[in-house]
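Here the structure is laid out as structure tokens; the discussion comes afterwards.
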């Protein structure tokens, strides 16, 4: 089964650990992931704040390339990219008049036939069915599943899971032996939008998420988005300074947790790249 | 040969001031088939009418065109006059020379010409008019009331008190509906049970009312005045005639832990039960889904203990057919439960409850005997948060409408709480306060001013539990969207009022329409708020949209009057302006091909199937047939039918076609 | 009159055409954009085709138009005034280049329209018609004129018949006075014929029409009709394009006071044709209508000693959307065991 | 023997059907509809790219129905016609067996209508591309040019009604053209009456035309009348997002409505 | 074209537009007398064939009007009508028939002034377009050559 993958900029930069874990999982489950050839930036945040046509053209080009290369289904691990690609597909489906215009801009035909899935859907569809037999070291921890905003919102466009209290990641995590705690902050804002400009706000918002997870006794926070990860992990020093405490809880990508559960080494899933040391990894 | 009379009215000067009536008269007199044309100052006056009547007799007229004002004004007048002169009233047409001509144009040649044209159109039309006979249908003077909530009760009593028979069908074991679950009612805070129970008993004892509880309507045939309804009486597993309602069986039933629906799941009942102490009828039923005997094949404890031997384990469902002339649908509403509010933790945290649960907590006969206690640990909540518009007015949740009752019962709840927990704090998050009713606004103000309920204008984004408390996060929009966080012991959601489950199926069985939220649709939002699109079926109460008790009761009385009006006649007469599918001899039978594309267009479900069969029962041809009892004569089907097999009396293809030709050509 | 043969060169033909079309209506075949051959009034000579096998529509319309007014009326208060059609206004038409099957059809039409009381409209149009026929130098598998007693160079119905020579010039057989008058008006265009050979196509005989007629006498109830007409969709195209089909419908059309009565083509293949007001239809199903079509042409007409109602042009078969090939069916009928 | 022939033989032998409607070689290199009632004759059946006539028109024909249960060789347009005819209660699923033809010419076994429905659902339901091109061309013209185009085309019409008779959806016992009280349509053929005929026909097929193109093919004078119905097929999809003939219980576009149907011309 | 008086036919429903037009009268609001009204029970009854018949009989313009959506006396006749008009309009456009000559409108029983406005704008527009010559010509073409050979 050949599935396309749109990595997006983060997965090749700040979230290489994510990338590595995705591919490690794919390999372990004999899933072929084909990068969309010649993919380009999806324009997240920057473009759609400024120019609607551009913000649709950038993702549309990627989708058109996928179509052209016969990729009927693509997985988009980055939640922000996922959101942009889905939005584009949605807009163009509902405004056919835009379609021709965009086709002209990207100089390619765009049909809108590609199915776009996020990382959890990908896991759900291709990994879960074969997961049971592969779990070697159940991930027996209490986890706080943090979905962030882009994985489930806006529901009208993504039509994925319950907006306010999503469940899919909880279910996946429970399947590898974890206990998903009741986590009210699972879709609370981490401040990613202000990641560069107002780090104090990021510290405050992300801090709240971390605080609640620790307070509820979670051993790890699980995420499915490089933005969330960088805010909760990379910015930990700032957060600790702002909150004047020492939050220790590690933040793992959902793919990393599964990787560990099926016996991949911490290095195979890129845990060494984290800023907050993943103590769990040592325990395993 | 047609002999048409044309009667031109001056309407004082209203017409003759701008239209040269004499010229109109002279010109139309020359038209083919016009046997007589005349003008007069006031056609609608008695002498004017006599003029018409005499001319009909004298010239042996076969059609009359009164050229005067709008037919919407005087068509009945002139048709009646014609009838009095022995001419079928439907052979009279009106040409609108006043509203559509003299009043809207200046005096001129062209205005007179237009008047001539208008008369000509109607002369040509009337040649194709048919002598129609009014439709008469007999009326069965028994009403069916579906649903035994306060609306159904009110309607049934009103109709029964007019001296007509009523059959009431209630789905649950007892009548009473939601009102029986309420503690006290706004805006007066009187005890709901106290005012309701006597009326419930009245229903049971009324000689004109037959009550079928634990029963449902299964099918409906026929039309206004002549419905045949099929009612399924679900087996109660008990002979009601023998049972005295002593309740011994209940106390001995070993199955005790069934969540009690009446208590909104906050208490338990047995497998054999009466839903609540004041139930009417007050005789138990066996819940076969939970009864050990039905599950495992043995038990029968109730049968053993019953002193009158009333238990019947093998009792079958019973299907009754009844003839009724009118129907009042009063099946009420429900409120949104469960999964709908993950963000508010409903269903996850025991202390997040809905309004009906709160009613039970506040009710003296409820699970806590009227004390406000947290479901989780039985403690008195010190801080309580009420969230209004939980789901209502939220298009994202699929409910764009206002549930209408929540503002008021939330205020009531907050007050009841404060009356019982004096030291406690009550907060209400609201979007707007809608208290448009007599004494309603005053009621809300009492809550705020006298009972010191804290009203916060803003929405709650999330409720979550932390260290045994419920954290309610929201904003106060009156303080510039300031975030508010309240640590609460209990949260009450005023969840949206929604259509009762099964409403859609019932509507389909009754052939009435419903809106996108499955609430039954009224025939006209302003002028026919109790009628449905199906003649003879009326609405009462919250099945139409969420309503409070006074509104439900008024509408119920309204529906009852509609029924009484219908029952005041032995026969219904209707204008025969209905559609008809043509018929002819075999082998065609009709030009209808039976595509039934016309069926879905009829707003009144008037289009039925008719089968032609050989003697041995083989179907030769299936064609459409219009039920003239149901058809209202809109003609939508007529324009749709490709093969032109349907026609509409009064506006036949031939007539309208002729009008177009007459309008555009000189004669 | 005795037949005279003359030679007319291609160039002279053009001159003849130009002269004729300058003074009257010439109805000549042209190739339409969709490759169909259709007749037009006074087309440019360059557009006129000499190479067509068959036009889609026949040329019956020059004598039996698809719509023809019969009278006009005005409704007065108590009676109606009728205005007759002025038949003298009917102009002369020269039919140019029609093939022998089509020209032969005029006789059949005449036998229908003028066997007893003369149909004035038809008779007048025919009177005003001059036919310059064109013998067939090409044919296709649908043609079967030879099976019904005609031939690719039959002179029936023509006033002048042109036959193509190998060289591209034409031989004109002047058959009637009408034809002669055209020749005499332009004598300089006609030359004496040489020995050159005319090109005439060969059409194989497919059946013997007398045998078919004989068979039909006893074939009324034969299952043949149902079996062989199952695919007929009853569209009526065959009759409308047929050169001999003469069914028509008469209608009044009134607008206001004024109205007219006209007749227009109809077809016995259409179910409405025999539908009674009661809903009863003596020819209820298509097989009965198909039978009627064949019976009428090959049994009832010869029975009444008129002639066959078919000229073997094969048009109906070419035009039929479902390949109801009449020649094939007649062949089968000839062999039918009854 | 061709695939269809084998399958037809099976069906007739097992008495699963009493007649198979398919194609056979006709005269002069054309194919034509065939009605096979005995296994022995099944070998006559062929299927190749010449077989384009919409056979569904026969499903409502009296003499054909008379045989009993009917098998029918069905390309996509025929399948869609069948769906339409079932939804309009002219054909009953119990009375037919569909020998579906896949794009590659193989036989599709449709155990029931749901499977056929799924097959249709996966197929391309747009107008045939050459017709779509012609439509695009016409749509580009100015209003006047289009009027001229149709005026010219329709002046040729001889009102033989082959277009109607060849269309599976024109099964009315009495076509409105035959209605004479009032006489909605002039009986004669003139440009204006012809235009009215075609407007009416197209309106009657709005939401029902399954774009087989049969009407245009049947026309003896080559009027592209199928473009009219196809244009509306296109527009029903544009406006109401429905293709005709996609399920056996579809409600006709013209018999239903959505309160928020979009339009921009009603003031 | 100054003396051109367009002939305009109005097809209206009894409950809204006819009543609205009555109100125009009662309010004595003046409008062009070129329009003549034919009453129907509902817009759902208006057969589009009648529009063609109007043009065929010499109309230069047409108005069709009924109750606003959701206000239909029969609840849904106007919704059905709307669908038909959408299709009809698309077809007319495709055949090159000028839809500028047809006004589709919703006029309620209370919109007397609006009715006058609808009439006046329609008449003005049709006046501008001039007589519907192309259609009339077509109607009068009885395949002349063949019919009378005149």
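A, B, C, D and E are the chain letters, set down in written order, and residue numbers restart from 1 in every chain.
The rule we apply is simple: a residue touches a chain if its C-beta (ideal position, glycine included) is under 8 Å from a C-beta of that chain, and two chains touch if they have at least 3 such contacts.
All values reported here derive from a predicted model rather than from experimental measurement.
Enquirer: Chain with the smallest distance from its CA centroid to the overall CA centroid?
Expert: Of the chains present, the most centrally placed is D.
Enquirer: Measuring centre to centre, with centres taken as mean CA positions, what chain is farthest from chain D?
Expert: A
Enquirer: Name the chain whose C-alpha centroid is farthest from the C-alpha centroid of chain E.
Expert: Greatest centre separation from chain E goes to chain A.
Enquirer: Any idea how many Å lie between the Cα centroids of chain A and chain C?
Expert: 79
Enquirer: What is the distance in Å between the mean C-alpha positions of chain B and chain D?
Expert: So the centroids are 43 Å from each other.
Enquirer: Quick one: chain B and chain C, Cα centre-to-centre, how many Å?
Expert: Computed value for the inter-centroid distance: 69 Å.
Enquirer: With chain centres defined as C-alpha means, what is the inter-centre distance between chain A and chain B in Å?
Expert: 50
Enquirer: Scan chain C for residues touching two or more other chains and write them down.
Expert: Within chain C, the residues that touch at least two other chains are 66-67, 255, 262, 284.
Enquirer: For chain A, jot down the residues that touch at least 2 other chains.
Expert: Answer for chain A, listing residues that touch two or more other chains: there are none.
Enquirer: Could you say which residues in chain D touch two or more other chains, in rising order?
Expert: Only 184, 188-190, 254-256 qualify.
Enquirer: What residues on chain D touch chain E, complex-wise?
Expert: 138-139, 141, 143-151, 155, 184, 188-192, 195-196, 198-200, 202-203, 206-207, 228, 231-232, 235-236, 239-240, 253-259, 261, 263, 265-267
Enquirer: Which bits of chain B are touching chain D when the two form their complex?
Expert: Those in contact with chain D are residues 588, 591-601, 622, 640, 642-645, 653-654, 657-658.
Enquirer: Which residues, counting only chain B, touch chain A once they are in their complex?
Expert: Touch list, chain B to chain A: 341-343, 348, 396, 462, 464-466, 471.
Enquirer: Would you pull the chain A residues touching chain B in the complex into a rising list?
Expert: That would be residues 155-156, 162, 164-165, 182, 184, 212, 215-216 of chain A.
Enquirer: Spell out the part of chain B that touches chain E in their complex, as residue ranges.
Expert: These residues of chain B touch chain E: 70-73, 96, 98-101, 103-106, 108, 110-111, 114, 117-118, 121, 513, 521, 523-525, 533, 577, 601, 603-604, 632-636, 638-640, 648, 650-651, 653, 656-657, 659-661, 663-665.
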